[in-house]
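One structure is given below, encoded as structure tokens.
A, B, C, D and E are the chain letters, set down in written order, and residue numbers restart from 1 in every chain.
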Amino acid sequence: MIVVENVSKAFGGLKAVHDCSLEVADGSITGLIGPNGAGKSTLFGIIAGFIRPDSGRILLDGRDITGVKPHRLFHLGLIRTFQIPHEFSRMTVRENLMLVPAAQKGESLVTSWLRWGAVWQQEVEIADKADEVLDFLQLAHLADELAGRLSGGQKKLLDIGRAMMTDAKVVLLDEPGAGVNRTLLAQIVETIRRLNRERGYTFCLIEHDMDMIAELCDPVICMAQGTVLAKGTMEEIRANEAVREAYLGHTEPA
Amino acid sequence: MIGDIIQLLIYGIVTGSILALGAIGVSLVFSILRFAHFAHGDLMTVGAYAALVIVAGLGMPIIVAAPFAVLVVAVVAIAIELSIYRPLRESSPIVLLISSFGMALILRSAVQLIWGTGNQVYASGIQLPIRVGGIAIKPDHLWIIAGTLGLIAALHVFLQYTKFGKAMRAMADNVDLARISGIPTSRVIMIAWIIAGGLAAMAGIFLAMDTRLHPVMGWQLLLPVFAAAIVGGIGRPYGAMAGGLLIGVAMEMSTMVINPAYKQAVAFALMVATLIVRPTGIFRGSSL
Amino acid sequence: MSLLAASNIYGGYGGVDILNGVSLRVEPGEIVTIVGPNGAGKSTFIKALAGLVTIRLGDVRFEGRDITNIPPEQAPRIGISYVPQERNVFTSMTVMENLEMGAFLRSDDYSGQLERIFTLFPRLRERRSQPVWQMSGGERQMVAMGRALMLEPKLLILDEPTAGLSPLFMDQVFEQVKEINALGIGILMVEQNAKQALAVSDRGYVLAMGRNRFEDRADQMLQNKEIAEMFLGG
Amino acid sequence: ESLKIGALMPMTGDLQAYGEADVTGVQFAVKQINAAGGVNGEEVEIVIADTQTKPQAGVDAAQKLINVDGVHAIVGALSSGVTIPVAKTVTSREGVPQISNASTSPTITKLQDNDFLFRSVPSDAYQGVELAKLVQEKGFSNVSILYVNNDYGQGLADAFAEAFEGEVSASIAFEQGQASYRGELQQAAGGGAEALVLIGYPESGSVILRQSLEGGYLDKFIFTDGMKAPEIIERVGAQFLNGAFGTVPQAKDTEGLRVFREAYTAEYGDLPPKPYYDTAYDAAMVIALAAQKAGSSDPEAIRDNLRDVANAPGETILPGEWQKAVKLLADGQDINYEGASGSVDFDKNGDVPGTIGHWEIQDGKIVDVRVLN
Amino acid sequence: MELAGLLSYFVFFASFACIYAIMALGLNIQWGMTGQINIGVAGFYAVGAYTSAILTTPPTPEHLGGFALPVIVGLIGAVIVSGLLAVLIGMITVNLRSDYLAIATIGLAEIIRFLIKNEEQVTHGVRGIAEIPRPLVESGPLAGPVFLVVALICVAIAYFLVERARVSPWGRVLRAIRDNEDATKAAGKNVVSFRLQAFVVGSALMGFAGGLYAHFFGFISPEAFQPVFGTFIVWAMLIVGGSGNNKGALLGTVLVWLVWSGTEIFTRLLPADMATQASAARVLMIGVLLQIVLLTRRQGVLPEERPKPIPRGDS
């Protein structure tokens, strides 16, 4: 599905991503782990078109998407969330979701001016869908609250909700679990799994919560210093001495 | 021809010095309080007229009047801060921007009410130029350039070697975090206004020495001042100085090739070009 | 006398109250952890302690002295350091400058403390002159912790200090929390990595919907099935 | 309806120096008329409006004079740059007579104004020529011109350049209200000019003079009517301006002038050392006479009678002779106003003939030297 | 002032208010809805005014054109030219940070004013363009009221267009951009295109208002487009009324214009030899009143209104 070929990106003298190659298989939930500053988020930025790599290329379904703008990638079915939640703080939670679907008739000014009926009808459909998603995420009671007023964890959920508003093929999740209550996290895990099974979404997620990675992901890729250090099942990764050294620490129960 | 160029260069440096003093203040206010302070030009005007009170009213020399004018403008700036800007701080920066635009009108019309709408000068009559080769240098110009250098050096010392310098930048970045780090934010803001106001007063006095006093003198200079701040990179005193000189020289030099009426347009054009090519300013301002 | 004692706190962001009567205390030398669902009001409560959210009712005492609605810049002067959950670094400044700002109130020589922080987070030493906006999420978290520690406070308040940290650093942070605590510094933290946090804590609180929901010794709490299932992720 | 005259004057802005004196001219006329019984038996009223010496504000003020205050005729504006747009957009459209007492631009002669625009001051077509002659007489063979960028400045600059037989090394327009004119001065001084012909107004004019002297550009100056104000001497210093000279529309020593001066000094003491208060007086007078003759304050009727009362033939009416005029008109006789500034005979374009005077700065004072012709 | 005078003053006042209302609506699209700080309102206003003036005035050798076209053609021209200019300026500036955009736009507006001042062959420079025709009735007592009716119709149309845009999904995308640009991109929206659209539609409305002004006033010169009259007052209107709220924009226009004109009436009552002080005092008063409004009503008189929730069949 996604193939990263020899991608490098340096910020000044700092090689954030260095000759990195990896694959995210169709239909998989691929975990991306690695020490802080390993270049994971940067790599996400590159895949999703927010950052231009210095060299290398990215393929989506065999098609070269290096340097393609984020909004185009969105229409190709590639969606990302942010490590630090990027909600629309002065819009309601429901509006945050309603914004997302593509090809809304009302996004054309002329159509809005001249064919309001059709626009409105579509609005109703989208609102219904948004409410379904909110129910799913247990945020329904906050539907008319401003998103800026959500707590940190609720914002994370909202981010995932936005990904659910479209027919995405690949979703890149940057630390969906950080700061999320563990009980809620279990739901998120369930959500991801269901989206993967029922709707065939492919996921690639960055996470520092090893329980979550272990439960969800296969394969797991560990990055360090901008490049891939190891790849395999969670067991294999845990057994890898280099990974333990760089990332897990020795206290982590094997 | 070469003489003309040198002559214009001198004028450019003089204009640039004045712009730089204004730009430092604008840049300081911009980075700490996060709004483009449109009343800054009119603070310059107030400074120039405050000095006029001493010069014309008491017959004292400018060097005596300047500290008084600095004080007056610092007090005016703080009064505005306390009565208007501080209560508005929780609203969006554009409200502050518009408010400062309104403040500009208030200051300007107050100056008009008190001193009238005509041109005035510190000393009537003419200061004949010193002639060096084919170049005419007005003694005032030397004062302006020397004064600017001195002020900027002093400011540099302040920002570099005192805690408050860094505290200002911290505040510019994240007010809440600055507060919980123990930085006395209101005091930092006061200091910023004293510096910005004082420099504006000096810029106004220099401008009046160079040309004349007029109620719109500062307002007319505001946009080149913004241009200088942006070209130099917001939040850097040396950048503001370099930006000021660059804009000043470019403005004066441009009169050799284009209609002098477009002098100001040259400043804006440079600014817009900078914004497009290097949005952080030539000297890398902070990109907050 | 408790180091910190908050009783029956009500307050919020101007509209409806988010906090509906929260009480909590930290004894000298204690590590106290607050857990609870997202949106429970944990961060709000912490902000109220630090003076960033207005307390409408109730009072807060620090070493017996009333500090209800203290101006935020006063808190560090009396020995409270606080690491917010979000926006907890000066992004435009370098790592070193962030640490210097943490020591703003200090006029003594703080190089020893700086050294200790660099030992704890070697990455910060490496990157001391990098502007923070260029850093990864986890690196920022280190800067934030470092800034708060510069002051050598009596009470350190941490709002989710390990969110986004790799397991290696997470363990180290908890280690360090213990070490800091060993110096006699009281620690109050909010954590979603609840099990690990409680493992190093003396006592724990569960906050839900702006109210105290449960409190106990930390080891007891970890064993409480019901609590574990509802708030600690089973 | 009692006659209302609008005085459209620059109370602020570049020509501020003239505004007050010129309003006084109008007020003086109205005072005399009201003292002598008013127009058609009713007191005349003046409404003053400020043009700020700016066309936009001038048009706005004129529109309000007519639509809100309901004036029947307008005296003003001063600067041609204001007078022309006011005439084109307001007075000629609304059908209200307008007499400018100071706009000297040659353009005004040919303006499409439905015959509602008049002036009581001669066109610069003459002043430019006379100035050129005077400059040659003084022995200058190479000058450069700085002119204010409006109809007044451009008209005079063109007329001068055309008539001048020496070399005009540069002719540059400048904007009012700038802080610095060094760029312009540099260009002006470039071509080896011996003197600067400065066609402008006192506010920006004195800035230009200072900067020219301080920058070492040019130190001999030649002016036109716009700079004939003592303020410039005050600001620049007499020692630098002594010997500077210029031209101004100026009446020959006529009976009308003599009578007017006497009455004016009796009322106000001194004569202002500024031009156009006399032309303002004359403008107000002819408006009042025309209204008296028409027997109504209807703007169009006033316009239709302007030439009748101002031009020959008819019994001569001098400044102040209001009762005499009323009586003659009541008897159905023709009258001919001979005013303070000259004969005030409007031609078919609404222009008056006139003479140009030569003034100079001597010992820090403005001195009227003689009337040229 | 007699009754007739008062009436025509009212017509004058109301017509001007309509022109400003259209500008405030245009600005509301840019600032209120998108968060673009355009302090170059006067530039588009000027371009619209000059375009329409050049297209509709009688032929003249003094400046470009004088094409003597009908007023309606002039106004359409104003919309097109200011819109095109906005495309041009927008392409280079819409991606600037909002405060930089502010300063860039005021700079560009000033450049436009300089061009108008100095490119005499085109614009007749500081002398301005006179004899601009009025719509339908040229002069006389009916001219004012007729213009007012035309202007009111224009305001109604502009209001409809802007309000519809606000409540539509298009407006929602703009609000999203205002909140968080990166996240809007991640949601698949072409941020640059939307911003540009908002900038252009807003600017075109300002250009249209400029055209109306030219036909209302009959004369334009560079002074009319100084930042104070062209930009500041419009911002004041929007902020006083409540940005993001179109009714607020209209209300703010009326309030600020009342104050502005009210102070004029006040100064007209003063003796003429106080004219100098009076005009300064007037500006002073406006400045002070603005501060008071800002201090007492931060969100404007009408705060931003959220689009109504979608009414649905069941719930």
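Keep in mind that, in the parts below, a residue touches a chain if its C-beta (ideal position, glycine included) is under 8 Å from a C-beta of that chain, and two chains touch if they have at least 3 such contacts.
According to UniProt, the chain labels map to these proteins: A = Amino acid/amide ABC transporter ATP-binding protein 1 (HAAT family); C = Amino acid/amide ABC transporter ATP-binding protein 2 (HAAT family); E = Amino acid/amide ABC transporter membrane protein 2 (HAAT family).
Because the structure is a prediction, the values reported are computed rather than measured.
Trainee: Tell me, which chains sit next to both chain B and chain C?
Mentor: none
Trainee: Please identify the chain with the largest separation between its CA centroid and the CA centroid of chain B.
Mentor: A
Trainee: More C-beta contacts across A-E or across B-D?
Mentor: Most C-beta pairs in contact, of the two: A-E.
Trainee: Select the chain at the greatest separation from chain C, using centres from the mean of Cα atoms.
Mentor: Farthest by centroid: D.
Trainee: Just the number, please: Cα centre separation of chain C and chain D in whole Å.
Mentor: So the centroids are 80 Å from each other.
Trainee: Using mean CA coordinates as chain centres, what's the gap between chain A and chain B in Å?
Mentor: Chain centres of chain A and chain B, defined by C-alpha means, are spaced 47 Å apart.
Trainee: Take the average of all CA coordinates in chain B, do the same for chain D, and state the distance between these two points in whole angstrom.
Mentor: 41
Trainee: Between chain A and chain C, tell me the centre distance in angstrom, where each centre is the average of that chain's C-alpha atoms.
Mentor: A distance of 29 Å separates the two centres.
Trainee: Scan chain D for residues touching two or more other chains and write them down.
Mentor: Touching at least two other chains: 12, 16, 175.
Trainee: If two chains touch, include that pair; go through all of them.
Mentor: Pairs of chains that touch one another: A-C, A-E, B-C, B-D, B-E, D-E.
Trainee: Within the complex, which stretch of chain C touches chain B?
Mentor: For this pair, the touching residues of chain C are 50-52, 71-73, 75-77, 82, 84, 87-93, 97, 100-102, 104-105, 133, 147, 151.
Trainee: Per the contact definition, I'd like the list of chain A residues that touch chain C in the complex.
Mentor: My answer: residues 11, 14, 33-38, 40-42, 83-84, 149-154, 156-157, 175, 178-186, 208-210, 246-249, 251-252.
Trainee: Under the definition above, what is the set of chain E residues touching chain A in their complex?
Mentor: Result: residues 161, 164-165, 168-170, 172-173, 175-176, 178-180, 182-191, 197, 201, 306, 309-310, 312, 315 of chain E touch chain A.
Trainee: Hey, which residues of chain D end up touching chain B in the complex?
Mentor: The touching residues are 12-13, 16, 174-175, 177-184, 186-187, 190, 203, 206-207, 210-211, 213-216, 234-237, 239-240.
Trainee: Tell me, which parts of chain D touch chain E in their complex?
Mentor: 7, 11-12, 16, 20, 23, 48, 50, 52, 54-57, 59-60, 63-64, 67-70, 81, 84-85, 88-90, 93-95, 149-151, 175
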